[in-house]
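Chain lettering (A, B and C) follows the sequence in which the chains are written, and residue indices restart at 1 in each chain.
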Amino acid sequence: MTEQLKEGNGGHTHQKEHKQKLKNWKEIPIGGKILEAGNSKEYKTGDWRTFRPIHIPEKCTNCMICWMICPDSCVNVGGVDDPNKGKKGVSDKPNLGNFGGFDLDYCKGCGICAEECPFKAIEMKEEKEFKD
Amino acid sequence: MANIRELALTNERLAPGHRLCPGCGLSIIARAVMRGTKDPIVVATATGCLEVSTTIYPYTAWNVPWIHNAFENAAATISGAEAAYKVLKKKGKINKEIKFLAFGGDGGTYDIGLQSLSGALERGHNFVYVCLDNEGYMNTGIQRSSSTPYGAWTNTSQVGKIHKGKEQFKKDLTAVVAAHHIPYVAQASSHNYMDLVRKAEKAFAVKGPAFINVLSPCVPGWKYPMQLTQKLAKMAVDTCFWPLFEVENDKWILNYDPGDNKKPIIEWLKMQKRFRHLMKPENTHIVEQLQKNVDFRWENLKKLCGKG
Amino acid sequence: MTGAECTAEAMKQINPDVVAAYPITPQTNIMHSFSQFVADGIVDTDLVTVESEHSAMSACVGASASGARAMTATSANGLALMWEIVYIAASTRLPIVMNVVNRALSAPINIHCDHSDSMGCRDTGWIQIYSENGEEAYENTIMGVRIGEHKDVLLPVMVCQDGFITSHSVETVELLNDEIVKSFVGEHTGHYPLLDVDKPVTYGPLDLFDYYFEHKRQQVLAMENAKRVIREIFDEFGQITGKHYDFFEGYKLEDAEKVIVCANSSAGTIRVVVDELREKGEKVGLLKMRVFRPWLNDMIVEKLGKIKAVAVLDRSDSFGAFGGPLFSEIRSSFHEVKEKPNIIDYIYGLGGRELDIIQIKKVFNELEQVKNGNVGDRVRYLGVRE
């Protein structure tokens, strides 16, 4: 079976590779409710992308501005320790976010991260340069 | 207030996989606003881009309880949820501290939802309303709203031989809301995200209604390259077209004054193709009119903030 | 007590979590009384005095989706204004109970009774229960809560009573005591409520061609289930009160040859005429409709199948259609039935035009011709100056 998925808001449908049978009216919750929070993650928007963000670790300071301003919540976060960890009043758990890579399953390639990075630690490259 | 790296370890309340346009300002703002409280939140969203793009059945991008009712009633809907919470808490059926948040676009807030918003503000429900102002009915295909700037092209304020785009100035909704004398009103911009998070924190913390109006650049509606969303927002602030300020218990506070670096409005206009026709010599008078209006409102705001 | 006070009394005993309402004549008296209960702390309700009926229903949707028991009341133009959200409440499967004090829709503006408001809502997906008098409005409101909230139903319920005729006239009423009502309606628990923040639910998504139709199909089942549930609730209520209600209630139908069908307060007046004519030996009867949605097709056939002539009284018109809404339903119910009465329709009482005994006698009189096979005009107008 193939699932028909919408592209954009207008509801234009096209066949997608990932397969899921459309359920019948007895199999879905009543009233249009969606009970699986955040299940949009099953819908990969990464194939909208024509430019891909490339991280340049030497320039990155882990300021996390790219994470803050990503419209698609697709800058991954790694947790690291505060340099002051162990001092009074500072938790011993990781308490600072660190750049953890781009989630290319969802990145639409808008390039805001590259545009706004104060350290020019992100570059946008054409998607066709990549073969994966 | 937490810094960005601390915020980065908080839970993501808007999941990826939503279908907003690449470079959309709405989700940048929504993500930042929802980091304004650590308490659980219930969110209502008016019909519009944010609503349709985040909840295309059977998918939802929301990791928080969320309701869309209709276009004009996000404020009334959240009123009902907040009233339910008050009673159920009083009855001991709920013991958590829960916050209430409504999102509406400029269509759903400046226009069709204004009455519903005004009513909810007057009744004093404990909620935060965030207007995501992208200056037009973008979800229905770019039509003018009362928030669309003077001179802007839209599909219902076309540029032709006689008419040259929208012929009315933008409604000053933030001042309209401030006239309700609620505890907290603010204007914010996506490019100044820490200011936005700070304002959201204040809004969630006050008892009673709070309102934040956030300018949200729209790639297809304003017509600019998608990576420039934050630049567009910043320029709107630097030209004083969209000043950043707060009204806290009726006290007006200016958050940012570019002073001598205040840029002319044309700098913002020329970044957007919706104003392309204003670059022609025969339309300079329209730009001048808009500049006059921006200056007038800016001086007026400074006076209100005691900086006049 | 007036009908409005009866309704307020029912609401007091139900003690809903949230009531959101906006003033409109003749509904206002319900909220005047209820506001006093709130002011005196007799109820726990949060009364949200919204700025329009549109917001009244919107707030009810927000409250009900949050897991609260939510109620409202309105009339005519108020109902028309909330129209959009009336549909949304049903489609979102929120068991809101709304009292509709029937009043004519504008224009020209008129504050008096007809059924154009609630009849216009017949396809919204709400259960509709009609009330002959204040006592029935009281009872239907209490039963309405149970019907709507039943797990197999989860639909909003509209309880209708006639504006002014019922809402403002004083009658002696038999009420239940508070404890009985409290235990009858029980505790409310929401269906995946928003306030269960540990299980975040999305309400009101964009639902396009893949699933919208499936969600509508579910509503059909809910209405189907409501047929069973309504009867169960009527029976349970009957055991408490000794009063046995049904979807359609006949009066002197057994050997009747000429029957009038109506809803709401007109039944009282017609019953008087039936008694008077019966004394003269005329085989006349009355069928009162209590439940309009869901419509019990088989029951109407069973009740009227052996009658020779039936006059349906419609207190609203469906312009351009063949007769009023009640007539259309009844006539359609008999489509496949071989043995059936001759049915005619009278549009009457629009804008509060009084239905008097003379008019009702005229109807029975004209039914004599219909009974004899001389049907004439199927759709007629009663009480209008020709």
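What we mean here is this: a contact is a pair of C-beta atoms (placed from the backbone, for glycine too) under 8 Å apart; a residue touches a chain by one contact, two chains touch by 3 or more.
Small disclaimer: the values here were computed from a predicted structure and weren't measured.
With chains as nodes and touching pairs as edges, the resulting graph is complete, every pair of chains being joined. Here the chain at the heart of the shown protein, by mean C-alpha position, is B. C-beta contact counts were set side by side for B-C and A-C; B-C has more.
Separating the CA-averaged centres of subunit A and subunit B is a span of 24 Å. Distance between chain centres (mean CA atoms), subunit B to subunit C: 43 Å.
Per-chain CA centroids place subunit A at a distance of 51 Å from subunit C.
In subunit A, the residues that reach two or more other chains under the touch definition are 6, 9, 28, 32, 34, 37. Residue positions 52, 55-58, 60, 62-64 of subunit B are each in touch with at least two other chains.
Counting partner chains per residue, subunit C shows two or more touched chains at residues 200-208, 210-211. Residue ranges of subunit A in contact with subunit C, taken from their complex: 4, 6, 9, 11, 13, 22-25, 28-35, 37.
Note for the complex: subunit C touches subunit A at residues 91-94, 154, 191-192, 199-211, 213-215, 217-218, 221-222. Per the touch definition, subunit C reaches subunit B in the complex via residues 17-18, 20, 44-46, 48-52, 54-56, 58-68, 70, 84-85, 88, 194-197, 200-208, 210-211.
Within the complex, the subunit B residues that touch subunit A are 4-9, 12, 14-20, 22-28, 31-32, 49, 52-64, 139, 190, 193, 226-231. Within the complex, the subunit B residues that touch subunit C are 40-42, 44, 51-52, 55-58, 60, 62-70, 72-73, 75-88, 90-91, 93-94, 96, 98, 115-116, 118-120, 122-123.
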